[in-house]
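What follows is a structure written as structure tokens; I'll ask about it next.
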Amino acid sequence: MREILEAVAAGELSTAAAEAKLRGYTTDEAGRFDAARTHRSGVPEAVLGADKTPAEVAALAGTSLETTGRLLATRLDETQISAVRDHLAETAPAAETRTHDRAGLLVAHAPDFEPPDLDAQVGVVTAGTGDTVPATEAAVLAREMGATVDRIDDIGVASLARLLDQVSTLRTEDLLIVAAGREGALPTVTAGLVDVPVIGLPVSTGYGHGGDGEAALAGMLQSCTALSVVNIDAGFTAGVQAGLLARQLSSSRSER
Amino acid sequence: MREILEAVAAGELSTAAAEAKLRGYTTDEAGRFDAARTHRSGVPEAVLGADKTPAEVAALAGTSLETTGRLLATRLDETQISAVRDHLAETAPAAETRTHDRAGLLVAHAPDFEPPDLDAQVGVVTAGTGDTVPATEAAVLAREMGATVDRIDDIGVASLARLLDQVSTLRTEDLLIVAAGREGALPTVTAGLVDVPVIGLPVSTGYGHGGDGEAALAGMLQSCTALSVVNIDAGFTAGVQAGLLARQLSSSRSER
Amino acid sequence: MREILEAVAAGELSTAAAEAKLRGYTTDEAGRFDAARTHRSGVPEAVLGADKTPAEVAALAGTSLETTGRLLATRLDETQISAVRDHLAETAPAAETRTHDRAGLLVAHAPDFEPPDLDAQVGVVTAGTGDTVPATEAAVLAREMGATVDRIDDIGVASLARLLDQVSTLRTEDLLIVAAGREGALPTVTAGLVDVPVIGLPVSTGYGHGGDGEAALAGMLQSCTALSVVNIDAGFTAGVQAGLLARQLSSSRSER
Amino acid sequence: MREILEAVAAGELSTAAAEAKLRGYTTDEAGRFDAARTHRSGVPEAVLGADKTPAEVAALAGTSLETTGRLLATRLDETQISAVRDHLAETAPAAETRTHDRAGLLVAHAPDFEPPDLDAQVGVVTAGTGDTVPATEAAVLAREMGATVDRIDDIGVASLARLLDQVSTLRTEDLLIVAAGREGALPTVTAGLVDVPVIGLPVSTGYGHGGDGEAALAGMLQSCTALSVVNIDAGFTAGVQAGLLARQLSSSRSER
Amino acid sequence: MREILEAVAAGELSTAAAEAKLRGYTTDEAGRFDAARTHRSGVPEAVLGADKTPAEVAALAGTSLETTGRLLATRLDETQISAVRDHLAETAPAAETRTHDRAGLLVAHAPDFEPPDLDAQVGVVTAGTGDTVPATEAAVLAREMGATVDRIDDIGVASLARLLDQVSTLRTEDLLIVAAGREGALPTVTAGLVDVPVIGLPVSTGYGHGGDGEAALAGMLQSCTALSVVNIDAGFTAGVQAGLLARQLSSSRSER
Amino acid sequence: MREILEAVAAGELSTAAAEAKLRGYTTDEAGRFDAARTHRSGVPEAVLGADKTPAEVAALAGTSLETTGRLLATRLDETQISAVRDHLAETAPAAETRTHDRAGLLVAHAPDFEPPDLDAQVGVVTAGTGDTVPATEAAVLAREMGATVDRIDDIGVASLARLLDQVSTLRTEDLLIVAAGREGALPTVTAGLVDVPVIGLPVSTGYGHGGDGEAALAGMLQSCTALSVVNIDAGFTAGVQAGLLARQLSSSRSER
Amino acid sequence: MREILEAVAAGELSTAAAEAKLRGYTTDEAGRFDAARTHRSGVPEAVLGADKTPAEVAALAGTSLETTGRLLATRLDETQISAVRDHLAETAPAAETRTHDRAGLLVAHAPDFEPPDLDAQVGVVTAGTGDTVPATEAAVLAREMGATVDRIDDIGVASLARLLDQVSTLRTEDLLIVAAGREGALPTVTAGLVDVPVIGLPVSTGYGHGGDGEAALAGMLQSCTALSVVNIDAGFTAGVQAGLLARQLSSSRSER
Amino acid sequence: MREILEAVAAGELSTAAAEAKLRGYTTDEAGRFDAARTHRSGVPEAVLGADKTPAEVAALAGTSLETTGRLLATRLDETQISAVRDHLAETAPAAETRTHDRAGLLVAHAPDFEPPDLDAQVGVVTAGTGDTVPATEAAVLAREMGATVDRIDDIGVASLARLLDQVSTLRTEDLLIVAAGREGALPTVTAGLVDVPVIGLPVSTGYGHGGDGEAALAGMLQSCTALSVVNIDAGFTAGVQAGLLARQLSSSRSER
């Protein structure tokens, strides 16, 4: 700030220009930080499909791609995915588009978009096929933020052998996101076998008492091995957390 | 019933005697069955310490020992244990008395009491020291019903090695009671490693969300390996269930 | 293990072969045990219909039948049942197929499949017609694991006479699964009348406070007669538990 | 009202006196009705011990006895009972005082108090000794309101014979209050055996999931036999309901 | 019983006939009582529409009408009502049929059915139009059991004047069922204004926290005026309770 | 009252007329107050769409407009909105009608309706687009009651800058309604930045644990800055509260 | 801001001084606002007794009195009240101190403290004596913020007459805080009788289901008359809300 | 493994020695990994005070210090802290001991213990003094694992200025643990202002609905800024997570 003021004092900067700059730094600061942060943190803005018409989603998706060079749309149903694809085919034919139908995800990059590339590796683990949707959401988020993501699937504790077979792989990751529904024991058992941080991602499978992921969430919060946890089905949050950690690790590695 | 009626018709049985017999078979039947069942099932009546004065517990304990030849008192505090011991020392000096102080349990046998002896083996497993009290309650109940009980302690999933070291032992049991608090994952993981039935016993350890055993209970009910479950801290129930199953197994073995 | 090592020392076994054997015994051990256990325990793998398209269920069903000689598909809707039947008619015309439409169950056996046959008898009891679906799931599971299953239906406590009429039958079973919704009192009352172990199966009937089976579950967990319990509507779990116990009993009987 | 107005018109009543009368009938009406109703309904005002000092309870108790000729104090601890007894011994030595120590109840009647006497009979039933306190509260309330109260204790469903032995007695009552804790099945089973109305009184026994009477309450609300229910441990409410019904019955009988 | 036995002893009764009679009195007793009780208590069996196909409901309805002379079908949707009407038009054209479409109720009487007629009057009160369905269910049940039913509608506490206008009417009833949703204050306020027993019937209106009738239920259980309560939307239960009480009152009145 | 009585005494008023007047002041008083209050308070009666057919809603809407000069219909779906519009087009073509489609709201004024006009300003704030529906409901209610309403949208705490940018605007309002879903932090943060009263309006966004607005509600109730709160999605209630406060403020200002 | 910048440009202000000013306006702005707001809003800082030693509370109390001229200490036990009184007797003998022992409140004013004085009147209403503590907390807070507070006690809905007697008084208040426990119906009924805004204050009385104030809170949130609500026992929050509204009203009145 | 086998084949290793080695690598592997992991991960074993006598805690503490060179005892009361200090004074007088009395923590290092030292910085943030205990637990854990820990206290959202003043400090940390009770908004707001990962630590402050930390936990799980979360008061878990992440960062930095 002093630099700006000294420039004003030196007549190098008009008071109007200084006001603009300082407003940015002061009253409007948060807005600028906000913009800066979006850029620096690499957390992509997401377009949520829930409670929107296909046309609304498509319009928002187009705007997002146009203004940020990237589109991340989540929790889309089939009709919404089609609407977005059609809209992009027309408005942004050069964009590279990928969909994850089961997970209701659609990602698009403008031709000139340079995705971040971090030197950090995140393992995304599932107990069973019921965990695919939030795990994929987490994986896509972490990848979009620049991390290398490995998927290790179907190693639930009912067949401990499959988990034990993967232990050495799990230990090579910088960080693990472990998704599990029903009783949600996999993150607990995994965290006892590795030294890297584990983020538990409870999944809304299971019926009856403790169903809809509540037993899994409560179990992860109570875990006798230390876990950090996100909400039920919150693959988005887990992915962002992993992405932020990956950025820290990557920047540590590049401090050399 | 027809036999009784024919005996009446034949004048071999007075109507009064027949009425008594038939009433026994009918109105009073449940009572008789009840008595018979207590004898046959070997489920000991328990004196609960909760909400009773030491003197009340001591008196009930004395009566129980005198009438059934055995005393099983549960959920006693230190004062109650002392009161019962003093009472028995005076009224039943020849009885054999054992206490499990931490578990608040006291068992006494009259000199002529012949405890049941079943040809069946129950493993009682704990994840950690916090599970001792309900596990001991379960073990004592199963033993009093005649089962051979093995204790396998401190093999919680945080250190999977200890559990894996015990797998071959666990597989030799006819039945397992597995006690665990916090996230309660041990019964789930154990049931994936053995072929014998597993009864999950959730324990009221843990604080915060899902504390007091609720996460453990919900997790066991949601278990991806098939468990049957008892209520939080319900070692008594788990022990009785194991005892009943042990009786079935033992009687199967003696059908030879 | 020493044998293997001695064979290596004696030059009778190559180090590569020994490594394979030992890995199997160690790292891969769980996998082998897993396979062995599936075979030994007789617990059939189930294909769940929930959240799958008819085509997906049909494909999985076909694979299951082909690889294990048996298919058990649960929680199917009508369309899924049709899809599976059509698929099997084409791919496995010789298989014997049975459906339980109301319960959403489909079982198929390959011509050469030899179902297990246990010397043990499981009673599956319902309080009313609302309990049919989970009770049938339990019964089919227990039967597929080899137990003889008796159904005793519609003996809810509102008409105690019907229950009392069945007491002598109930006492002949080795084990009872008792399904009840609403207040779920039937397992409690039944367990007071018989000496065999009772597994309570709460059912998601009832509306208002404690509806969806929560009152029934809580009541069974609180039962003043000792019950073991499975989750709401978890007929599958109850059936597997009964099957495992039946195996223990049957093997006890065949120890002769 | 017209009578009053005609008296005013006739000059037989001053406008001031008429205003007083009419205000009583209008603005103050509720107050008068209130007083009238207390008298007519026979529901005694109760002094609650909870959150009051012994001195405060004693003073309130004295006032209640003095103004209404009766004292009903509930949820007293030992010190409060002593304080009230001492106070009454001094201030109302002629009053007839009875205490129910375990239930924390104290009832006193002034020498000239004429307790109501109804021609109606209420059965107060308990499943076990844990139900004594609220059952006694209910019984005392119903008695103070004038009903004849029969106690039928310790007939919980774990020993169905004891309940069946009492069925004919239960059927002679005009109304039943049935108290039960844990799973609370007794009111449900009882209502299936009798034709008279049953009020379920859930009791705060039991630990773990559904403990503190919540399972019993939920079960009674879900009962497959039609019950009306009061809150957990609300013996006071059950007793008042029974008293009001007894008044209706008694007045029906005296309509002759 | 002695009479039967003496008849056998005297040769006046064959052992087979005696067995039948005694079984009826003993093992089968509950069944007979059951039948007798259905007759005496006047509680109609209800056919529930929930989870049944229109054809199933129609068939059950026909049987019920044929065997008991009366049909009470509840929780029907429009299709089920049509199916039942069509079925009855064909199979029982002489029956008198009434439907309450909004409440999903259908009642039919065979031509020779003599409905019970009790000398007792039940007031069924609603706070607003949202309470109509369960209130109607309660009213129909009470009427079918023979009570005279008065409806007092739309007197919720938001406009206290409407309630106060009805107080004198409310006081003429023998018993009140008061239905209310949202905060459920009406039964509490009503019970403070009348001397007759009040059954609170919470209704599943309201959204957000405490919605679906949970706030109303909890409030009625906590009521500072003594209420007995049934579950949310349990008009059936409230009606049966009222019917049973009406029977007691009516029989008291006819004891003359 | 005395005046009336004196008129009777003076023979100026018949007893019948006096009775009518006094009844109005007493028994009927509440009714009159009720009418008076609706007029004075300016709280419009609302027609709720939930659980009504389009025809029913349309009929009620027509009556409301006809009798009060205004229609406020809430929670309408598209079909209901059409039905009401068509009905009004026919029956009240001169009325001025506005709809808020997303919020399911429809307001109509008869040509001669004079809406209240208060000298008070209410700010209605949203955290994000998910809060639009209840915020609009609140805003429309407050406006219909006569307040000037400002909307300040999309200033959720994730981008604190946007909120800080609006602080000076927020401080100019007399009162704020702040709507927020998920964690619901916005009202808490806002109340720390302004001196005017803040009503927190939790919104049913969010999935998993604490979803459906429960986390937002609990957080607002626990707020470390003092908030008053309405139920989840209860925009209607928030708007009425704001309208009542605006009336008080406006009348204070006009006391001059 | 431009003024400052122009002063810098004109050399009238050093860059350091400008930086300080601007930082104050920007980064430090919140701090300044904070101080200003405490002064302007009149919300006193409170010292909470919970989880503090008597010595700690006394020290904090002394500091608060010294720095702000006023002390408001809440949720104190007897020992803490004594400790604070002793501390103030020594350190601030001239201060005017008042305690509300039952409510655990202590207020002190330095001799030169000028309490705010608002032209607004708040009614604080209780249903019964159990509501005294939070109602007093609310009343003290509102008074300390300058409002005139009227207490209207013991007008719970069980005796509607007492409430009706107070209606005209209630209508003279600018705003009502209505405290009630158990079913919490009083605020709902009150809001139907007055035109002023009502803040519902649920109180943690009552036991069993819905106890600890949960039924009262849920009922107030569901109220069919529009209430704003604070958390259970949150008299502090209710008082601050009332104080803020009173300030708005008072300032409206002084705008003259 | 092949090396061991080749050594056996070459006769360089006895079969017994090889078996020991391989068992270690296989059956006992987990145990070895466990030991190795404790060493590598730097997560200290903790002695919990809860449910232990002072003597038991002291003995365990002594053993822990002796065997690992370090003691970390948590959740101790005053008596337990004294007992441990006395025990260590006697048995390990050379150890360096620090206590955190309010947090119930005691840490001791043997003279030759070399604490880990990581090149990573963790910020531990509190909203208010009520958050001190779990925040200190987290800070101590992270420090014992080698991280540099900064404390930033008392910046709750009620006074946003204090938080904004600390933003630049917060941005210099590698990772933040943010503790908050009541509504728990601080982690949400903080995460919107920084780019580093934030672990939310809910604290069990607050009373009434959502009290005991449940509102804070639910709010953090629902946060509109992406947080990872630990259970209520789980400072230990938060500290371990931070320590593990710090290890990853530190090792990334030392990869140079």
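By written order: A, B, C, D, E, F, G and H. Residues from 1 in each chain.
Throughout what follows, contacts are C-beta pairs under 8 Å (C-beta built on N, C-alpha and C of every residue); 3 or more make two chains touch, one makes a residue touch a chain.
Given the structure is predicted, the values throughout are model-derived calculations rather than measurements.
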Set of chains adjacent to subunit B and to subunit H
A, C
Among the chains, which one keeps its Cα centre farthest from the Cα centre of subunit G?
C
Which rotation angle, from 0 to 180°, best lines up the CA atoms of subunit C with subunit E, given as a multiple of 5?
90
Dup interface of G-H (contact pairs over half shared, numbering-based), picked from C-H, B-H or D-F, is B-H
Using CA atom averages as chain centres, what separation in Å is found between subunit B and subunit C?
26
Using mean CA coordinates as chain centres, what's the gap between subunit B and subunit E in Å?
43
Chain centres from averaged Cα atoms put subunit A and subunit B apart, in whole Å, by 50
Between subunit C and subunit G, what is the separation of their C-alpha centroids in Å?
61
Multi-chain contact residues (two or more partners), subunit D
27, 29, 33, 159-160, 193, 208-210, 214, 217, 221-223, 231, 234
Set of all touching chain pairs, with the criterion as stated earlier
A-B, A-C, A-F, A-G, A-H, B-C, B-D, B-E, B-H, C-D, C-E, C-H, D-E, D-F, D-G, E-F, E-G, F-G, F-H, G-H
If you look only at subunit H, which of its residues touch subunit A in the complex?
33, 37, 40-41, 43, 174-175, 193, 195-197, 199, 217, 221-223, 226-231, 234, 236-238, 240-241, 244-245, 247-249, 252-253, 255-256
Along subunit C, where are the residues that touch subunit D in the complex?
127-128, 156-160, 182-185, 188-189, 192-193, 206, 208-211, 214-225
Which subunit E residues qualify as touching subunit F in the complex?
130, 159-165, 207-210
For subunit H, which residues count as touching subunit B in their complex?
27-34, 51, 202, 204, 213-214, 217, 231-234
Going by the contact rule at the top, pick out the subunit C residues touching subunit H in the complex.
1-2, 5-6, 8-9, 11, 15-16, 18-19, 22-23, 25-27, 29
